[in-house]
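Since the structure comes first, as structure tokens, the remarks are kept for the end.
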Amino acid sequence: MMHYEKQGMVVTDIRRASAADAQTLARFGVATVHEAMGRQGLMQPSMRPIYPGATLCGSAVTALVHPGDNWMLHVVAEQIRPGDVVVVACTANNTDGMFGDLLATSFKALGAVGLVIDAGVRDVAEIAAIPFPVFSTAIHARGTVKATLGSVNIPVICAGALVQPGDIVLADADGVVVVPLARVSEVIAAAEIRAALETTKRAKLAAGELSLDLYNMRPALQAAGLTYIRQSDLREE
Amino acid sequence: MMHYEKQGMVVTDIRRASAADAQTLARFGVATVHEAMGRQGLMQPSMRPIYPGATLCGSAVTALVHPGDNWMLHVVAEQIRPGDVVVVACTANNTDGMFGDLLATSFKALGAVGLVIDAGVRDVAEIAAIPFPVFSTAIHARGTVKATLGSVNIPVICAGALVQPGDIVLADADGVVVVPLARVSEVIAAAEIRAALETTKRAKLAAGELSLDLYNMRPALQAAGLTYIRQSDLREE
Amino acid sequence: MMHYEKQGMVVTDIRRASAADAQTLARFGVATVHEAMGRQGLMQPSMRPIYPGATLCGSAVTALVHPGDNWMLHVVAEQIRPGDVVVVACTANNTDGMFGDLLATSFKALGAVGLVIDAGVRDVAEIAAIPFPVFSTAIHARGTVKATLGSVNIPVICAGALVQPGDIVLADADGVVVVPLARVSEVIAAAEIRAALETTKRAKLAAGELSLDLYNMRPALQAAGLTYIRQSDLREE
Amino acid sequence: MMHYEKQGMVVTDIRRASAADAQTLARFGVATVHEAMGRQGLMQPSMRPIYPGATLCGSAVTALVHPGDNWMLHVVAEQIRPGDVVVVACTANNTDGMFGDLLATSFKALGAVGLVIDAGVRDVAEIAAIPFPVFSTAIHARGTVKATLGSVNIPVICAGALVQPGDIVLADADGVVVVPLARVSEVIAAAEIRAALETTKRAKLAAGELSLDLYNMRPALQAAGLTYIRQSDLREE
Amino acid sequence: MMHYEKQGMVVTDIRRASAADAQTLARFGVATVHEAMGRQGLMQPSMRPIYPGATLCGSAVTALVHPGDNWMLHVVAEQIRPGDVVVVACTANNTDGMFGDLLATSFKALGAVGLVIDAGVRDVAEIAAIPFPVFSTAIHARGTVKATLGSVNIPVICAGALVQPGDIVLADADGVVVVPLARVSEVIAAAEIRAALETTKRAKLAAGELSLDLYNMRPALQAAGLTYIRQSDLREE
Amino acid sequence: MMHYEKQGMVVTDIRRASAADAQTLARFGVATVHEAMGRQGLMQPSMRPIYPGATLCGSAVTALVHPGDNWMLHVVAEQIRPGDVVVVACTANNTDGMFGDLLATSFKALGAVGLVIDAGVRDVAEIAAIPFPVFSTAIHARGTVKATLGSVNIPVICAGALVQPGDIVLADADGVVVVPLARVSEVIAAAEIRAALETTKRAKLAAGELSLDLYNMRPALQAAGLTYIRQSDLREE
């Protein structure tokens, strides 16, 4: 995989995760899902929501674009099916505003539930008003050309994470995580266990129990050599 | 222009754009105006509003300051006329809080409609409460001295854009754009045409029409060599 | 101070500022307090609130952690007393999400009034909902291990500022400032004078008086060589 | 691929490219090989040689490490075979000095021809004196712990590029490129054609021929609307 | 100026500074020339030589390009006259390798004395071997397309400095400075005075005279309130 | 300490480390000394030598300056004693060229063995030719004013490290480390032990012994759960 010789390829009729699985994963949030995956699949922290409260979860349709050129965003639109998240990677770091309210209107009409783009977007006030959830690495008004082919629905590296078409992409205020199609069931199971445990823990911590005791950390800390000293016993320097 | 031999110069009685033109441009937003200018005049994406929803549009009065020194902000205040936007460039990258609620109170009282500053500001909660629209490249509490002369109402380069006194400066959530005084009428005309076209396009896209068809992109994509392949037909690797 | 030979030390029973002093300082805000200190004690501008409106003020309990490892956050919890602010420094720049809603629940239950951390946090929507004020240099979902000892309640350098246990830490939208325990009374006195002066100045500026006159800046500007010229008198170039 | 459920896995006896192929690719340099691949496979520009003149080419053995923890560099050493390049990815951005002259001595003794690491290194003067070619994203003296398992010889994303064990990694002053094992022959063939063409072009350009003519660009430029105007005919503004 | 409505314009037959003036300025170095200009005209510190010892000085021919697209570098080549420096600005931050050894060979054959580019370059070892002096904001192997028109010999903002065609551009290890054509004589005169003064000062400082005395700084320092205290007299805290 | 109420203070007659201790520490290098200190005292990796091969070691005389203002560098000169290292911190991030060849000439004449500055320097070619070792966070030609008091020989935070006057500062290609005066003897002792151990280890590693065995890491790795699997036994995905 990732060994495509040719650029300018659109892969159609991709396999996707089920809508039910996406809905299930969306309940857990990015932090829990990332933990359930064995702490894998996160995009870098530079990927942020363009308006407060934006969240999204769905199957990835992907596009690889060039800096300053959003031609492939028009091509990928035709591949959107209801419930999809469009994931856009760029061949170089670029802050140009590749996506605006017209494309947001189009993507939403075609059933997309959001966009994750390693580049800039614009018309962010209008996009927030729609609303259409977008996570990007930049906000900038600068327009782009439509001159050079990229590809659609090939595996891409977006903000440091590998995204294959059909993978589930989940995003919230904590970032963006990618769940490979083949691991969805396993991750859901692990996330459910983790979420259940957290509910119990939260109640105990809210009641004032120390996590040192809840997680039984004292023996390991002592073994590692942790020592306690009263401030008044510190030697003067 | 830009060839001023002397520092410490205040240029007074500058020509300005008309208030009517500024109001007209404000309706279009930064992205549309930037396109109407031939994709020119944008400041860099590091220039951001200090509170959500801030927008501004008016004629530029400019100041060139030194890092850590806001003396010229007091000098430029006297040059403010109702409807002006104060634009501050700095001779070096600097995040110090050069502007706070006292100066915001003063600038507003003198008729300024906002500030664009390639440096830091402070008292941002108080400034948002006034409200006085500010776009800056940093937020920081650090105070500044008043020791070294800069200049007022000379051409400056602010966040990568040339600003001449009297140019119209327009800012919203997508960034900041500068419209040279000599091009205002032309840009308004182009923006009106563009905005009208976008309204029509938006309706068609909202109805599900593909931008590939709306913009008749398929012939050019085909000529460039774009190919389609079903995922199930991809060779295994 | 700062000359601790051993890692893995927890200093207990630290001296703290009084709750009354913290409440008094909180009224002034970071910008005023920083000025009252002689423009000292600020953290760098990369330290930002994780949700709008977050503020905090209290005595510092400190932790020094390693990148990707939040073990000491569990250890520091036991040292929290009502009114404390937990201040976390890291031995390297790190964006991992060291603190989430479980620890926020715990810290709040133990009486902490907020967290300042030179690293990442996660569960930011949940933390904002509690609410528990947090200032951090990153937001990211990535989880951390519990493997390596740091220290608790030693002096630390957090985002460029020295924080000693018991110092008052004050944070708002303008940043974070640290007031050494020994200087609290002096700083409160200076802040009160400054705040009183600002109220008077604000009224005059709101009435349209120029700060040039209010601060009597014209003689110094003239002495420095500031010159005024009408734009129409500038020579053509 | 990339779907490994478990951390703490060492994959042994990986398939590698042939030494002959690596030697052949090394002749072309990173820029030519990247072009021969269809402009794919480059790491980000933050990946730089630690001393002038460093170059490397060989089969990748990979390690995934955690910030501030170089335990897996000791584990990967055992998997080195003569001609290998060790490629180290980290689960978070980290500048700690994970690799120094002792590990360089060890890796060289075991036959490695270089290191590519998305983190920091130290002892750079000593490593340059050996010499052992290293490309890193940081230089820093800070030491690391050995506390948390990562993995060895799994696919990793290093400085934005996917590296699978056995891929050929080529690095010089222009950056680092990864050639997937399955594409080595094809890329060599394409690089040879490209290199031959460049020799011819270079001679013509050195003789003063314009690239506009050599590449026959004038018709396309004219079609795109390029216009020429003498400076003296520009209207005054 | 800077108000060009059309993109895709090549301005020919530009006025240039004299070769003699460029040679004279080259003797002073960037720091002295920048001071002689009244501390104006410097590019930002991100603009660096691609190999140690690179320096250049000549009249600017300019190009404005788009991210990932070096078409205009081929167009600007035809406008080079012996002694010129090519200055390339880009409409967005971009690290792609827009310039390599083939273009370096061509530019040198046409008489250019160097390149200043606010983007990436590649083949840096080969360019250093020619040698052809280049200052850039990035080094990266990534290739670029030739698809979108920019302009040639229009005023550009390059790394924060305004460059008009024909201006003298001077670069050395301290950075890059732009001397407007109209100010060349004045700047040469000021630089000569400054350089002469520095020779005298250097001798006195080398003999151990304090700059406090050489520049007679003590009265101003005392007036500003500078106080001296022996360390042993500092109160204990 | 660090609680100075007044700015504009010069502390004279500071206690210093002995020249013999500085010479001894210089032999070990930054990485070893930092380890010998318990991994403390390092400046951030943004602090780099301005020319290859620069190293320095001596007692710190410190200065705190303001952005764009190098007045205190003239004041600190008078406090230099043979063997001193001047350490300059700035109240804000600043890249201006605060130090050039004239000050380098002066500092060298007064006996300083180098400079560490969290700001910019200029005349780097001339400084390298002297040679005078300098470590800085920026290189830039921009000149500075002499207008605002800072302080001399107070404790400062420079590039993230606390430096007290008289501390030993050691710098080489791996960065800069600060050894508090009170810990010099202890650190020398620890460094000697560490250096001796490294010599033995280096010989064994050069002979091909695995660090896994040399450091007896296998039991801990096994306990942590490290597993080995042949690539050919990996399940297909």
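As written, the chains take the letters A, B, C, D, E and F, and residue 1 is the first residue of each chain.
Going forward, a contact is a pair of C-beta atoms (placed from the backbone, for glycine too) under 8 Å apart; a residue touches a chain by one contact, two chains touch by 3 or more.
Everything quoted here is computed from the prediction, not taken from an experiment.
Colleague: Tell me whether chain B and chain C, two copies of the same sequence, contact each other through the same residue numbers or different ones, using over half shared as the line for same.
Modeller: Mostly different residues: under half of the interface numbers shared.
Colleague: Measure off the straight-line distance from the CA centroid of chain A to the CA centroid of chain E, and report it in whole Å.
Modeller: 41
Colleague: Roughly how far is chain A from chain B, going centre to centre by Cα mean, in whole Å?
Modeller: 30
Colleague: Do you know which chain B residues sit against two or more other chains?
Modeller: 1, 3, 6, 39, 52, 91, 93, 95, 142, 148, 182, 237
Colleague: Show me, using the given definition of touch, all chain pairs that touch one another.
Modeller: Applying the touch rule to all chain pairs gives A-B, A-C, A-D, A-E, B-C, B-E, B-F, C-D, C-F, D-E, D-F, E-F.
Colleague: Chain C touches which residues of chain A in the complex?
Modeller: Counting only chain A, the residues touching chain C are 29-31, 34-35, 39, 42, 45, 48, 52-53, 172-175, 177, 198, 201-202, 205-212, 215, 217, 220-221, 224-232, 234, 237.
Colleague: Hey, which residues of chain A end up touching chain E in the complex?
Modeller: 66-69, 91-96, 142, 145, 147-148
Colleague: Would you tell me which residues of chain F are touching chain E in their complex?
Modeller: 1, 3, 6, 8-15, 52, 71, 74-75, 77-78, 95, 97, 100-103, 105-106, 109-110, 120, 122-125, 138-143, 146, 148-149, 153, 165
Colleague: Which of the residues in chain C end up touching chain F in this complex?
Modeller: So the residues of chain C touching chain F come out as 1-7, 38-40, 44, 91, 93, 157, 160-162, 180, 182-183, 186.
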